[in-house]
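The following blocks contain the structures, represented as structure tokens.
In the two complexes that follow, chain A is the common piece, with chain B as its partner first and chain C second.
So, the complex of A and B:
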């Protein structure tokens, strides 16, 4: 053995050592991540309640899903979380990052304050927000509204406001991460660009539009993809904040992941749940491919 | 050197096998339930008396939070692990039976005639395909909790006896500020709580209908009675303005905080309310209508998991007999506050006239248990119908038609094989 080892070149030794270390996460990923992923494709063609016999039913799960009007509502909800949540959170994060970058006094402290929600447990935070949204006399938001003479709002108990009420703490929680990435992006732009622009007499707005934003394009694409995937997978907030964890009222706040959870662990319809997982997987795959394509154009 | 090593080794093996054979004689079975302080205490006491009476059998008591309970049981048993005797909600029976999680009770240890003679008739929902699949220690029913201070303040001397009085009292008990926001509600309506049971098994029947067909395979609440019952329930929020669904998060929280005049709940809630400082309340039977009264009963049963066989199964049967004995039922009432599942234990005078448990026990005599196919989606029917009427202004009959279609699909899918 020692003989064999001694015959190897340094390059080969390095490669073997590297693979030895890589083997651990690789085994982990294959058994814990990849295997169940492929298993889900198989289970999605079965009728299976986790315990009884597995019955192959072909594409029936998919047919049932596409015929279910609740699925389309839930899919639309999921898209709404991303479609509204991503631009709103990115805009707020950019504005904060832009101005935070301009100040020195208290910079670190303020940045840390924005980052804390990102570190907080989503469920704990969602419960606090759930209480904020309560009707009078206990709900904090409604108490504040009553101070300024605005009638109380139903928030979580409304089919129109519910989704946005649940989205708000999700946006808030993700803000810290986006701000930190934006600041890093802004700081990575060479100072000489800004100095040159100032000498040429460019205004603040012009510098922002012509230099800062174009230079931030990779940052923006990265954040868009990461937060789109995040919002498409929203779960904790809805599970915690909707009454009885049902994504109500009338399914108006239910995202795809919650629907998967309900099929799998409330009704034990593993086949239907797996089929929904495959659909979510395909959606996320498309989002990721679009990102790769956009990034390639940068080069 | 080598010889002493050999003899030490032989000794070690011998010792182990002695311990091993000792263990083989003692059967250990495992009991699972969800974590709820008084239930855990009651089972611990029952295990103590069981082990004293049955040397050679030990019972390992495992419990974990309700939120994970169903999942853990399903996954553990299907992996050949988990409990021998397991507690489950009666509404889950079909899911458990279908999933092969539990086995039928043998008629030698649990003769059918004896069950039917001793237990309340609603335990009949545990008999499927000619076999009993589980037996309860305790049963539950609903009653009306009312805040005596708020009643006195509103000039009301006793609880409402009829639905009309109930509405009238709810109006008198409601307090709002100048903008019409609730300060306290007359009746804490809560569709996530017990109100869906009230609607399904009590209100619909009071209006002359029934929730499901007699064979339990068809939704029957799309009748006039169903719509009237739904209108009765939604009117509190939509037109009487005596409360909003989920006011103060949950009906029980509003009542505990002294900000609800009336709430419907089970006997298991008594222990929460008696601990509230400054809350003075009384309990009475659910209001009737046209001289009739109905109630809803539900229960948790103990079943034997499909994993138990041989001597473990024999031990599990013995333990289940112990859990459903008369003594266990009285202990359960005194410790947990749930009602004995046998009339002979429940309907003794001391229990019937008990100021707190009495109304629940009297309610048992006219109670029905729903034969759920799958409780969660069936509960969702009322929650959704309520929201359609209150949030979207739908007509009660139209809302019921819509949810009935979804619920019927659940039935059809279940009964198709």
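So, the complex of A and C:
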């Protein structure tokens, strides 16, 4: 054994050592993460109630899903969470990061304040927000509206407002992370760029448009993808906050993950749930690939 | 073209004094170089002039107008940074024209002026390229282009050549001098390289520990350094020093070094007993066969420790007892380490500095 080891080059020894350390997490990921992922592809072609016999039914699960009106509503809901949530949260996060970067006094404290929601349990937060949305005399939002004479809003109980009311705490929870990344991005731009631009007479707007934003392009792409994936996987807030039944009222707030959950653990249609999972997986894969492609173009 | 003046300028960072009582008037179209070791306050002074740092006290004026509270963009200055600060996502044309676009000049004027600047700097072929596709020297030229295109009152350069290799630095130094002769814009240039300072400057400002040590033409600071610091900073290889006490007067005057050697300084009129540093430059030390010098010369004996042939000359590092001294010669003589060498130096090329104050005597 020692003989074998001594014959190896330094490079080979290093590789063996590295792989030994990687072995444990690798085994973990393969058994706990990758295996079930591929298993889902298989299960998606079955009719199975978790306990009974498995019956191969080919693509029938997919056909049923695409024929289901609810699926298209839920898919559209999911896309709405991402389509509205991502730009809104990024814009707010950028504005906060941009100005937070300009101050020194209290900078760390304020940044920590913004970051705390990111560390808080989504369910606990959602419960508090749900309380904010209650009608008078409990809900803070309706209390504030009453101060300025605006009529009471149904918020979570409305098919038009429900989705956005649930999106709000999700945006709020993610802000801290986005702000921290944005500030890091801004601070990574060499100071002399800004100083040179200032001396050259550029205004705040020209500096923002021609220097800051282009320099932040990798940061923006990264955050867009991470946030998009986050919003496409939204679940906790909806499950906790939605009125009537989960995803209600009338499925107007239901996202894909919640639908998967219901198929799997309420109706025990494991095949159908797996098929939906595969669809979500493909959507997330496309988003990630687009990111990789955008990043490569950058270089 | 404008005059620049700094009067009683101080800069404090918290309780640390970065610049202390800085007084200087810079004439129209003058090329002034601030030089000194890192941390001497030269860059801070330049940045105060640019408006990138606040002035703690004192007055900075450009063209007679105090600018302490004037925003950088309203000072009509242009600055070239050590890292060039070229915007990586803009091409050369857009980088050069950035300041003109900021001023919202008409499009055709921007094009004309940018092309003109590119022409002066030989960048015509590169206008469509991005900074990432340029060599160090080309980047440097683009940075200069961005400065000259605006036709500012004052150019500020912050160590612009220190990221270039030695050969290119030499070339760009010459180009910079040519450019200044052509545009005649008042220029303040910061460097830690005394060769750059000597070759470029109309006047050199030598700084140390936040204070001005001396202001003068390259010739003045070389021939009449105001302090031991200036003497040691200007010149390469650096000036040699012997520390000791003056003994005797008139023709018997001598320096008794702290390690015990006697160096005859006939005719030196410094008071007996005064503690001084005697300075002499390597290029003024002449190798001599005889220990006894001709009249009007002094002699220093030493043992050679290191020999560095440079081709056109040979640098000798020697042990002179009182310390290490460096001399050089152009002759054909061959030495080996350990050989004894005698150097003769003309008395009028000696420099005397007070040991306590460091000031020239």
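Everything that follows uses one rule, which is that the second predicted complex is superposed on the first by the 296 of 299 C-alpha atoms of A that agree within 3 Å, B and C clash if a C-alpha of one lies under 4 Å from a C-alpha of the other, contacts with A are read in each partner's own complex, and residues count from 1 in each chain.
We adopt the following convention: contacts are C-beta pairs under 8 Å (C-beta built on N, C-alpha and C of every residue); 3 or more make two chains touch, one makes a residue touch a chain.
The structure presented is a predicted model; accordingly, all values stated were derived computationally and were not measured.
When both complexes are overlaid on chain A, chain B and chain C end up sitting side by side without clashing. In the superposition on chain A, A:202 makes contact with chain C only, while chain B stays out of contact range.
When the shared chain is aligned, chain B comes close enough to touch A:138, but chain C does not.
Of the two partner chains placed around the shared chain by superposition, neither chain B nor chain C is touched by A:28.
The wider contact with chain A, measured as residues touched, comes from B rather than the other of chain B and chain C.
Of the two partner chains placed by the overlay, only chain B lies in contact with A:246; chain C stays clear of it. Using the contact criterion defined above for the overlaid structures, shared-chain residue A:211 touches chain C, although it does not reach chain B. Of the two partner chains placed around the shared chain by superposition, chain C is the only one that A:192 touches, whereas chain B remains out of contact. Distance between chain B and chain C in the overlay is 53 Å (nearest C-alpha pair, rounded to whole angstrom). Interface of chain C with chain A (complex): residues 50-52, 71-75, 77-79, 81-83, 85, 87-90, 98-99, 101-103, 146, 150. If you check the complex, the residues on chain A that touch chain C are 190, 192-193, 195-203, 206, 210-211, 214-215, 217.
Contacts from chain A toward chain B in the complex involve residues 49-52, 130-131, 134-138, 146, 151-152, 157-159, 243-244, 246, 248-251, 262, 265-268. If you check the complex, the residues on chain B that touch chain A are 70-71, 74-75, 77-78, 95, 98-101, 177, 179, 181-183, 192, 244-249, 259, 374, 376-377, 380, 383-384, 387-388, 391-392.
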